[in-house]
Amino acid sequence: MEINWSTILGIIFTPIIAFIVGVTYGGLTRVITARVQNRYGPPIFQNLLDIIKLYSKESNINHGVMQHLGPVFAITASVTTLFFVPVIKDSTVFTNFSFHGDLIFLLYIMVFGSLGMALGAGQTGNPNSAIGVSRGLSQLVGYEVPFVMALVAIMIQFQTTNLNDLLAVQDHFTKWIIFQSPFAFLAAILAFLGMMGYAPFDVVIAPAEIASGPPSEFGGKYLGLMLTSRSIFTFAKLVLFTDIFLGGASDFITLLIKTFILYMIPVLTGIVFPRYRTEQSIRFFWSWPLFFGIIAILVVVF
Amino acid sequence: MREKETTLYFGPQHPGITGNMMVKLKVAGDTIVKAETHVGYLHRAFEKLMERRTWMQSFPIVCRICVPEPDPNEENLARAVEEIEGREVPERAKYIRVMVLELSRLAAYFLWMGGQSGTAGLYTVPQWSVGDRDYILDLFEELTGGRIYHMYIWAGGVRRDLPEGFADKVLKTMDYIESRLPEYDKLMFDNAIFQKRAQGIGVIDKDKALEWGVVGPPLRGCGIKHDVRKDEPYEVYDKLDFVVPTYEGGDIWARAMVRRKEMEQSISIIRQVIEKMPGGEYYNKVPTPLNWFVPPGEAYVKTESARGEFGYYVVSDGSLKPRRVHVRGPAYVHGVSLLENILVGANISDVAMIMNSLGVCPPEIER
Amino acid sequence: MYNDKEASKIVDIIKNFARKHSLWIVAYGTGCGAIELPPTMTSRYDAERFGIRGSATPRQADVLLITGYLSVKTLKRVIRTYEQMQEPKYVIGFGSCTINGGMYWDSYNTIKALDRYLPVDVYINGCMPRPEAVISGFIKLQELIAQGKADGAKRYQENLEWYRENQRKVIKNWRMPEYNW
Amino acid sequence: MDKDFINENKTIEEIKNTFHSAEAKLQRKNRIIVKLRSDLIPPFLSYAKNYLSFDHLAHFSCVDWIEDNQFELVYILYSYEKNIIAIVKTRIDREKAEFVTVKHLWRQAETFEREFHEMYGINFTGNNRLTEFILEDWDDIPPMRRDFDTMQYSKENFYTRPGREDAQDVREVITKKSGEKIPDFAKEFSVRKLK
């Protein structure tokens, strides 16, 4: 059977590009946060340096097999999410895989990463990470509900569960789903705030309360692997959101612009808001975003 | 079915702890069932060391007791020794002392603002407030030579006079800080999520407050109007007019609003002091500082520090060295007996918030 | 092609460069010098320009700051924190209290010379060093790392017995885990 | 002198006619000193708290008078209404230091008592929480007693870096190094002469 070289190239290059873009976005966030806090902030490649330093740690203390597998689960989840998200619309290399029902598959695989991390953190036996895990999972339940509602509304409206069909529908500027079903966008963007884990919803890794929660026992290469998977996962989520709501990107530059604008929403809200407690964040997610989700479905059904 | 209880060590090494102490929490789920403060990590035996040092030598050591706000310590010891010896302090020195105390109160409030919002998760306010606090530290550096520990107030007055053009530098800094306060209102005090995190948490009930020994902003946060500067005016506080703000509720939010209003009062006090500052002598010279025999006697003096009433009980037995200096900071009660009672029933994520709002400063508890 | 000595030299350069520009401090204010850390880390002196950032737990940290005097009770916790940190770890001693006991030279509860109990890479003098002095201390540490001379962790590992014997003289009932990783 | 100390003198009168053996006198404006026998303290404190409205235990201190072999316990009460500070003093024996707790009147007294149990070795009956408060695994005599020499203890237990043995005055070191004659004022205040 003939080997489809372009997909193999896509498989190799997409994670690398995702990592580079994700790390530079992380560095840019730290510079932007610093400038808001009227200081200069680190160089843009600071996140990359941090990750290299973490990989170059000599003694890596671990508490058992599961702690090895925790970050491995995280990075498999983020990379597989990447494979099923068409990064660039019609180029042969970067369309990646797509099949009917891949939206539902994406929903599942995005949750898989944090479950794997939870298992790894549980293994370490540190009470702080145990509390952090329970907070993370309860907040996950919080923001999943409106996000799923938004996707279901879109699926019913366009009668498809395939991401490429959605891309095909949004071929012109006015046809973007952000305009066609605004309520679904509102519900999804508020859920996106929870997914990114920035300030109003960073109770999971709250340093002041539970000493950085789940990753408190992760050091050296485990933390490095976790940060790599986090930057890849950020890029994957951004691309997913641009594909669903902003009509995907036909070339790399528009992709960067769209993803960066989307990325600024959680970052800028993060700078000016303190964090919610766990039950407050769940209460927030099940009030306004849920309300928008229900309206989105009602609008589509009738 | 009672939830399984685990012990959580809010240990000495913890980003949420202000300083170096440990709170041992028995936790069921997320709510605290029992709390126990363990201190002693910063014990340097000040009182024992001061019994081995002459009176003048104990001034540099005394300001190291409380880190965020060292000046009430110096002023307390100076006033206690003056009261025992009956030494008269010139008028100008009293005005300078009030200015130094109010500047250090402002600096302590800005540091508190950074700590309170930092534990709430709003990381922009600590950057701004600690940065603005540095302007006040620059004033201190020019006046006394030191940023944090000033060793400027000592028995008989102050160590040196105001440098050239210092007064309008202070006024310029006060204008800058006053212009910054609305910014903090927008970002922190009127922030809806901060209010949600602060209101109704860590409540001290009003009628028990006096008996538990609650002092300072936590007391005024319960709606009880008491301030050492008004009850027993020391230095020249009786010649200055200022208001003692109080707030109802006794929770973190009430204490935050009391401190927020007191910042404006401190700025107006400093302006009045600069206006009314008389000329003349700034130091009633001690004849031989290292050979100074203070007559036997005892004195109890207290000042209003940023966290509450700071009391010094000094006993002299007529020798070169003090017989006993006993320091009682507000955190001695707020950090141990009061904290252990308020934390019961609170959520884990509010422990750091409550400790910050009570102004718990561990070096003061065990000296 | 490169032989392995050549390749390992390049890898070392990259490693030292990354370690030099990303120092994570354990969030543990052990003494009174900890009050000068907020100004150093925040907007006016901004140590983040050098990649210096706080980290919540010893596992994630590289630098342990002993900011000022160390009482015996804190020394026990500091030793455990130091031993939990991961291998290329550095210790910076703040202020004259870590050098010779400083102002508490005759106190019964504070240790007088830090380097008998923990390997110290950089000392910063001053009775509470200013933020500029703190940053100059960090730059000195970064130079040592670049030259690969910041080997406090190795010194601790090699003569562990000597350190343990000094530590046991001061800490009464030991009850501490072995340092065998 | 008596006209502006009405409040203080009225309180002194009240104390005198309820506790005849108490010596109460006025130290200065809004300060009164009360000396009592040690067994009268608990009744006096609850009397002061409930009847004389001294409801704030501002301070609780302990002074070690080693010459007359006694500890002096000092309760400093503050009345918010009358704005008076009462310094209530009593003497207890130094060898078998025993006293009763006032934890039931003021909750924060428990912390003071824990500290004095550790620092002076006074045993407060009725306070069941006299556990370790500040020092950890302390085996010597309670450190705040005046017969405990902290310099001696620190010399024995802690390694001190050489170079500070004689705690020489800095001026003398500089002048000796530069070979000049030591100026008179340096001689007069040199630390060694003081010891």
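The chains carry the letters A, B, C and D, assigned in the order they are written, with residues numbered from 1 in each.
The criterion applied here is as follows: a contact is a pair of C-beta atoms (placed from the backbone, for glycine too) under 8 Å apart; a residue touches a chain by one contact, two chains touch by 3 or more.
All values reported here derive from a predicted model rather than from experimental measurement.
**Student:** Need the most distant chain from chain A, centre defined as the mean of C-alpha atoms.
**Tutor:** D
**Student:** Can you work out the whole-Å distance between the CA centroids of chain B and chain C?
**Tutor:** So the centre of chain B lies 30 Å away from the centre of chain C.
**Student:** Could you give the separation in Å between the centres of chain A and chain B, each centre being the mean of its C-alpha atoms?
**Tutor:** Chain centroid spacing, chain A to chain B, equals 44 Å.
**Student:** Express in whole angstrom the distance between the two chain centres, defined as the mean CA positions of chain A and chain D.
**Tutor:** The answer is 61 Å.
**Student:** In whole angstrom, how far does the Cα centroid of chain A sit from the Cα centroid of chain C?
**Tutor:** The mean C-alpha positions of chain A and chain C differ by 36 Å.
**Student:** Indicate the residues of chain B shared as contacts by at least two other chains.
**Tutor:** In chain B, 14-15, 40, 43, 45, 48-49, 52, 127-128, 131 touch at least two other chains.
**Student:** Which residues does chain C have that touch at least 2 chains other than itself?
**Tutor:** Residue numbers touching two or more other chains: 27, 42-44, 54, 56-57, 73, 106-110.
**Student:** Quick check on chain A: which residues sit in contact with 2+ other chains?
**Tutor:** Chain A, residues with two or more chain partners: 37-39, 128, 207, 211-212.
**Student:** Can you name every chain pair that touches?
**Tutor:** A-B, A-C, B-C, B-D, C-D
**Student:** Give every residue of chain C touching chain A within the complex, in rising order.
**Tutor:** Where chain C meets chain A, its residues are 14-15, 17-19, 21-22, 24, 27, 42-44, 46, 48-51, 54-57, 59-60, 62, 84, 86-88, 181.
**Student:** Touching chain B in the complex: which residues of chain D?
**Tutor:** These residues of chain D touch chain B: 28, 30-31, 55-59, 61-64, 74, 76, 80, 83, 85, 87, 106-108, 110-111, 115, 132-136, 143-144, 146, 150-151, 189, 194.
**Student:** So in the complex, the part of chain B that touches chain A is made up of which residues?
**Tutor:** These residues of chain B touch chain A: 6, 8, 14-16, 30, 117-124, 127-128, 131, 187, 191, 193-194, 196-197, 347-352.
**Student:** If we count contacts the way the header does, which residues on chain A are in touch with chain B in the complex?
**Tutor:** 33, 36-39, 127-128, 131, 199-200, 202-203, 206-212, 271-278, 280
**Student:** Residues of chain B touching chain C in their complex?
**Tutor:** Touch residues, chain B against chain C: 11-15, 19-20, 40-45, 48-49, 52, 60-61, 64, 67-68, 111, 114, 126-128, 130-131, 133-134, 137, 147-149, 363.
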